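Below, each structure is written out as structure tokens.
Look for subunit A in each of the two complexes below; its partner is subunit B in the first and subunit C in the second.
Coming up: the complex of A and B.
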């Protein structure tokens, strides 16, 4: 963002989500919205994360628990089907893993640098005790 | 939903709290978010009753603390409503964090601050320590000396604060009990005239404008924070003052009641003057008149606008005066009085400076009597004759025990 002088920006601790006006924004999917440069959607905070969730589609039942509980709206779901995780905004808190009800879980936490395909290949099997 | 209008007599007998509550009703405030505290309670209680009786169309939000009260006001103002509340003393202290949020977010909220001492020891009576505490918070601050002014200044505050060139919140101060609970004749405006003066609220950057979504209360670090604060200070220093003068002029045109950023009484030829705030202004005016019969050309200066501090007007008012007493109704706790410092700073760079001495008085509602003021004017007269301040620069008026004087 350009570093403007004190007299060059709108007053107030305020940022506009879109440049100009928008119509039916609630009915427009995030990926189809033209967010302004000031919108946090355009900023990546991926480097805040130390551990990350990995999603294994094979066990997911699309219950939407993770989508409901994610405090950063970082679970991407379309037509009530879990699509994946918005890794630009996920902080790695692990709430999605905690609330995942499947056995084995469809989401598990790994170190930030873990390889996703490797981890999915050696995903834990069903826990019979539960 | 329609609301009923209220028929008022031309002169009503109101105390300062009820006068302020009536002003909130006549401005048709959309949201009052409030937590009650003595002596300001009757203001928000009054609005709530007007709302329950269908004399106002708005929302009253009952919250769990003053911090939440101002937070509710901030949310409602960001959403795009005309917003007001009231508090005093400890309530203001708890609210203080959010006051900075409101002004930094440039939200036009009107806060009726009924001045009361800050604990400890706990005290419900009037002094100006709460007013002083938030003087750097970025709010415009008006001071009413009586119930009439508490009524009038609310309309003026909304009109200044909500102007799109200003967009800064405003505090209307009145003395706890001395003004808030003392009934006097108040000249009223009828509902249509009063509402016509402030007009329909014009939102700006409101969250309820769904075609232009905004995020309010953003975070900035060393890369942007300074520019935002500089902008706010600039607008207070250069825009708020002229706008206040413009609104004062409009108000005089409408009601005949004249306000100035610095109010002067018998100052045209004054040799000595008392510079003070609140109800003390009225006591000092009476004494000044009496001093003139004793051959002392006495005058009074009352500060109507505390923030932005009317630097140039104070200079112009005091440049031909020989001796001035600046009265602070707040303990400076280890320094010269705050108002003493501000007046002295203004006069330091003026053409001529009077001899300036400072006085601390009236803490916790202690009376400032006419006898105190007679002594004070005589002391100023002594200073004039000696050509120098003959006393320490800081003295205490009306406190028991050995005389206190410093500096």
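Coming up: the complex of A and C.
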């Protein structure tokens, strides 16, 4: 999208989140919505991250704590299952890792450039002290 | 009224399709958006929303983007409440005249504001909305400071907190005035429903929000919103700080029905010493210097006193 200068803003601007007419947004998953270019869903904050969460589904119990407490709508849950992380919208805060109750955790933070497959292959084992 | 959304457990809640989007500009780990998600996901009804100036508004409506998937308006710092009250009044008028295009829909009217916008600058406007008993919900995102402009104290800032306008140093321990009892003030409006909530207690939150949506008339919600930037803690710890807030009883969870009946909705199994809550946040760091340590004891006494008061109110049923 073309960036506007400070003196080119439209006063009292109205933005439309969706293209065309929409109904029942609360019953439509993100992937089935017609987001317009004015929705921040179409933007990315991936470049904010220095660290990123990696999801290892082997240990996940689908409790959905990560889903409810992610501030950035970046935990993708479908049909009561945690299916992955939306890396365009994740800011790398680490909240999901903190609230994940499994042992070992099903989510861990790594450097932004870490290789996911490598990290999953060498995932820490159960912490006996917990 | 439409049927209430069924949310028996977290798995069921997670089937919600969010109407709030990421790639907003809130800080990583900001609790404002966690609260907003829990509130909006409590219903599938249409939403008419407003936000007063502050972090939530500034960061979710950065031209040319919006992070809202429902009707949403921002006007000024003080009038998120009246913007929504205006829309609600228009809706009622159209309904009375039989001019609603979709009369079977039951939209919910919700205004969000920070503590600066609510406890201070928009105070009289909220009071008016509550007094007129509009069929709306007002939600305070209470981070106890004017966060968006760099951390000035508000009338919600608690004693001993270091804010940019009440900085702690060798001659001052920071904020000296006790936090305003906004819940008590809202209760005194005798509105049908007021509740204090916390994002870590999602079930308690959803229950209260749904109760609020089912209420005809004005609803006031005070939500504690741990602010990683101004409370000075690591972004990953937002929910840990929220847990400390509720489990030390610094933020007791309760509701007030018709301004009279107090119900405590959460009694921690193990009440945590207030000292742990204070120690976890940079804004209270100076309280651990010898010179100011006496304030930690006073903090605990204040919290105990408030908890005892709430229990007395609950028992008295008056």
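Everything that follows uses one rule, which is that the second predicted complex is superposed on the first by the 118 of 130 C-alpha atoms of A that agree within 3 Å, B and C clash if a C-alpha of one lies under 4 Å from a C-alpha of the other, contacts with A are read in each partner's own complex, and residues count from 1 in each chain.
Following the convention adopted for this analysis, a residue touches a chain if its C-beta (ideal position, glycine included) is under 8 Å from a C-beta of that chain, and two chains touch if they have at least 3 such contacts.
Every value quoted in this text rests on a predicted model; they were computed, and no experiment measured them.
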item	value
Touching partner for A:44 - first (subunit B), second (subunit C), both, neither	second
Touched partner set for A:79, first subunit B, second subunit C, both or neither	second
Subunit A residues touched - subunit C or subunit B, whichever exceeds	C
First, second, both or neither for A:59, with subunit B first and subunit C second	neither
Partner chain(s) touched by A:29 [first = subunit B, second = subunit C, both, neither]	second
Partner chain in contact with A:7 - subunit B first, subunit C second, else both or neither	first
First (subunit B), second (subunit C), both or neither touched by A:67	second
Which of subunit B and subunit C A:17 touches, first, second, both or neither	both
Those residues of subunit A which subunit B touches in one complex and subunit C touches in the other	4, 9, 13, 15, 17-18, 25, 38, 40
Subunit B to subunit A touching residues, read off their complex	104-107, 167, 205, 210-218, 220, 223, 226-228, 230-232, 234-235
Complex contacts: residues of subunit A adjacent to subunit B	3-7, 9-18, 21-23, 25, 38, 40
Subunit C - residues contacting subunit A, complex	10-26, 28-34, 37-38, 43-45, 60-70, 199-200, 202, 234-240
For the subunit A and subunit C complex, residues of the former touching the latter	1, 4, 9, 13, 15, 17-18, 25-30, 33, 37-45, 48, 62-65, 67-74, 77, 79-80, 86, 88-95, 97-99, 109
